[in-house]
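My structure is below; once you've seen it, I'll send some questions.
Chain IDs A, B, C and D follow the sequence of writing; residue 1 opens each chain.
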Amino acid sequence: MSADYIDQFVECADIIQVGARNMQNYALLKELGKIHKPILLKRGLSATIEEFLLSAEYIMANGNNKVILCERGIRTFETYTRNTLDLSAVVAIKRLSHLPIIVDPSHACGRDWMVSSLSKAAIAVGADGLIIEVCEDPENAVSDGKQTLTPFCYKKLVKELRVLAKAVGRDIA
Amino acid sequence: MSADYIDQFVECADIIQVGARNMQNYALLKELGKIHKPILLKRGLSATIEEFLLSAEYIMANGNNKVILCERGIRTFETYTRNTLDLSAVVAIKRLSHLPIIVDPSHACGRDWMVSSLSKAAIAVGADGLIIEVCEDPENAVSDGKQTLTPFCYKKLVKELRVLAKAVGRDIA
Amino acid sequence: MSADYIDQFVECADIIQVGARNMQNYALLKELGKIHKPILLKRGLSATIEEFLLSAEYIMANGNNKVILCERGIRTFETYTRNTLDLSAVVAIKRLSHLPIIVDPSHACGRDWMVSSLSKAAIAVGADGLIIEVCEDPENAVSDGKQTLTPFCYKKLVKELRVLAKAVGRDIA
Amino acid sequence: MSADYIDQFVECADIIQVGARNMQNYALLKELGKIHKPILLKRGLSATIEEFLLSAEYIMANGNNKVILCERGIRTFETYTRNTLDLSAVVAIKRLSHLPIIVDPSHACGRDWMVSSLSKAAIAVGADGLIIEVCEDPENAVSDGKQTLTPFCYKKLVKELRVLAKAVGRDIA
């Protein structure tokens, strides 16, 4: 996303997502600091935890403190998964910052059959939320079909997550 | 550990651990395949999931199929944690192999205050067990004190893990 | 740099550099494809060679084929150097693409005493040019002083590079 | 290689190579410190420069100071090359240590057509030597054929390296 399009987003979007590849697009971050919509900031592919938090600072220092962080896997030598989900980053960020942090297991692993287990781990580790890709017909999805759940699997997962959340003293709305 | 010392271990140890730095010490793996003690094989610092499983094969192909795998964090660019715990490796290995896989959160993160959350994530993701460093007096420990729990914290954690395990349909002995 | 500022650059700059952190800022790349100034595209911190070339495609597909690539080190586990200079990327890109590729040894290593040797390696490996940080007074430089050469060292280096270039059948203008 | 086989090597080998996967096999390193053959120590796949030098210390501290270091590429996210050749490690080690360091471009890149350029870069950067895979018939080689030069290409390369070495004030025996 470019700073040029922010006006359009402000009008029609409830929340604005900054993708991993733009986590250090400082011109964009500064512009997002001047609006009042919540910003979902995804961690860059090889961003350290410190750099991730500093990117959030760019937004907040310009006046918008509605920032939600999102761990979505980092780039490592491992090729079996699309990226390597770094759940220790969630634990670190809960201590270093007051900002909410959610987890995107779908982009992290790139494989539908891994999403359920990683979602549970994310809730157990303390994540404030999840973004999960869901689609009626994953096989014919325009993009990312291999990491996408059907509504049936998603509903089953949410049920299981409710039980798990309770067991770690939390509640899923 | 060298192949030279295996005899001494066989006599007095219940289980023999191969450290991460020896995961691809093939001469050692072959010798461990000829004995009948359980082998705890730790993942190498930059070993892929495939290489990890192939190292286990070296032991099993020589006759010893009592192999337990251990995820203990991989080396990435992140410096805040000692290593980066790769819980997706647990999910992958549960599908690719029949071998049990446990998680070492202490060595993965290198910080005591992270161990509890990562242990919960490991159980939630499906790990078959945990190795957790515990010491009466972590501050004066000979090594790894910073990642070590006191018995008090450990007991509290085990209680919480029992509740969590139940919530994901499992039991902690 | 944001797409908003391109007009100002077009007027007063001879060449426009896209920094490593914006290598995948696609909105910016598309806008840069519509102008006629040469673009110096730096490799992202964890961009693969393929992604690097695809980012150049974004510019060229929009009409501007004056793209110069720049290898400036990638992010690895190594902490002794600021980044890890990947000279094999130069060899690969000379085969995969017709685009010129230059090397930035200063940002890659982050240490002034390494710049000379790495510059020689870059010319020997086939790089089409170098960007070297030079400053009258590195110790008091506003930024990156530790990786900056004095004019004296720079002149000595250029002399040595001329001899080296000749030895590999090339000429330095 | 296991410590068990050292005796056989001592009798018939001129030099003993420790492969990358055994760089931190401390039991082996200690045994190699007790003999008087030169040891060629290859850098581990994800070993830092510091760890590499400390492994050499294990050999020297036990009495054998004939250690030759070998940079052979490190593991990164890049998949186009087999590993990523880290020539800045050569520069660093020339400053941090008195030990000779050579470069293995063949294993680093895994592609025969890259070997010549990377060899030149290695000499230009200051490496004390090269290990290059050569085989009469690379296509039918038992292993590593894709990264192997024919004797014809090798001879051509050596000629070019002699010219280059002279240009950087060095001599190839």
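We take it that a contact is a pair of C-beta atoms (placed from the backbone, for glycine too) under 8 Å apart; a residue touches a chain by one contact, two chains touch by 3 or more.
This is a predicted model, so every value here is computed, not measured.
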Contact-richer chain pair (by C-beta pairs counted) among A-D and C-D: C-D
Farthest chain relative to chain A (centres taken as mean CA coordinates): D
Where chain A and chain C are represented by their mean Cα positions, the distance between them in whole Å: 32
Computed distance of Cα centres, chain D from chain A, in Å: 42
Rounded Å distance, chain C centre to chain D centre (Cα mean): 28
Set of chain C residues in contact with two or more other chains: 46, 75-77, 79
Overall pattern in which the protein chains touch one another (line/ring/star/complete/other): complete
List of chain D residues in touch with chain B within their complex: 1-5, 21-22, 24-28, 31, 45-46, 75
Residues of chain A that touch chain B when the two form their complex: 46, 48-50, 74, 76-81, 84-92, 95, 108-109, 113-114, 117-118, 120-126, 160, 163-164, 166-168
Touch list for chain C against partner chain B, complex: 46, 75-77, 79
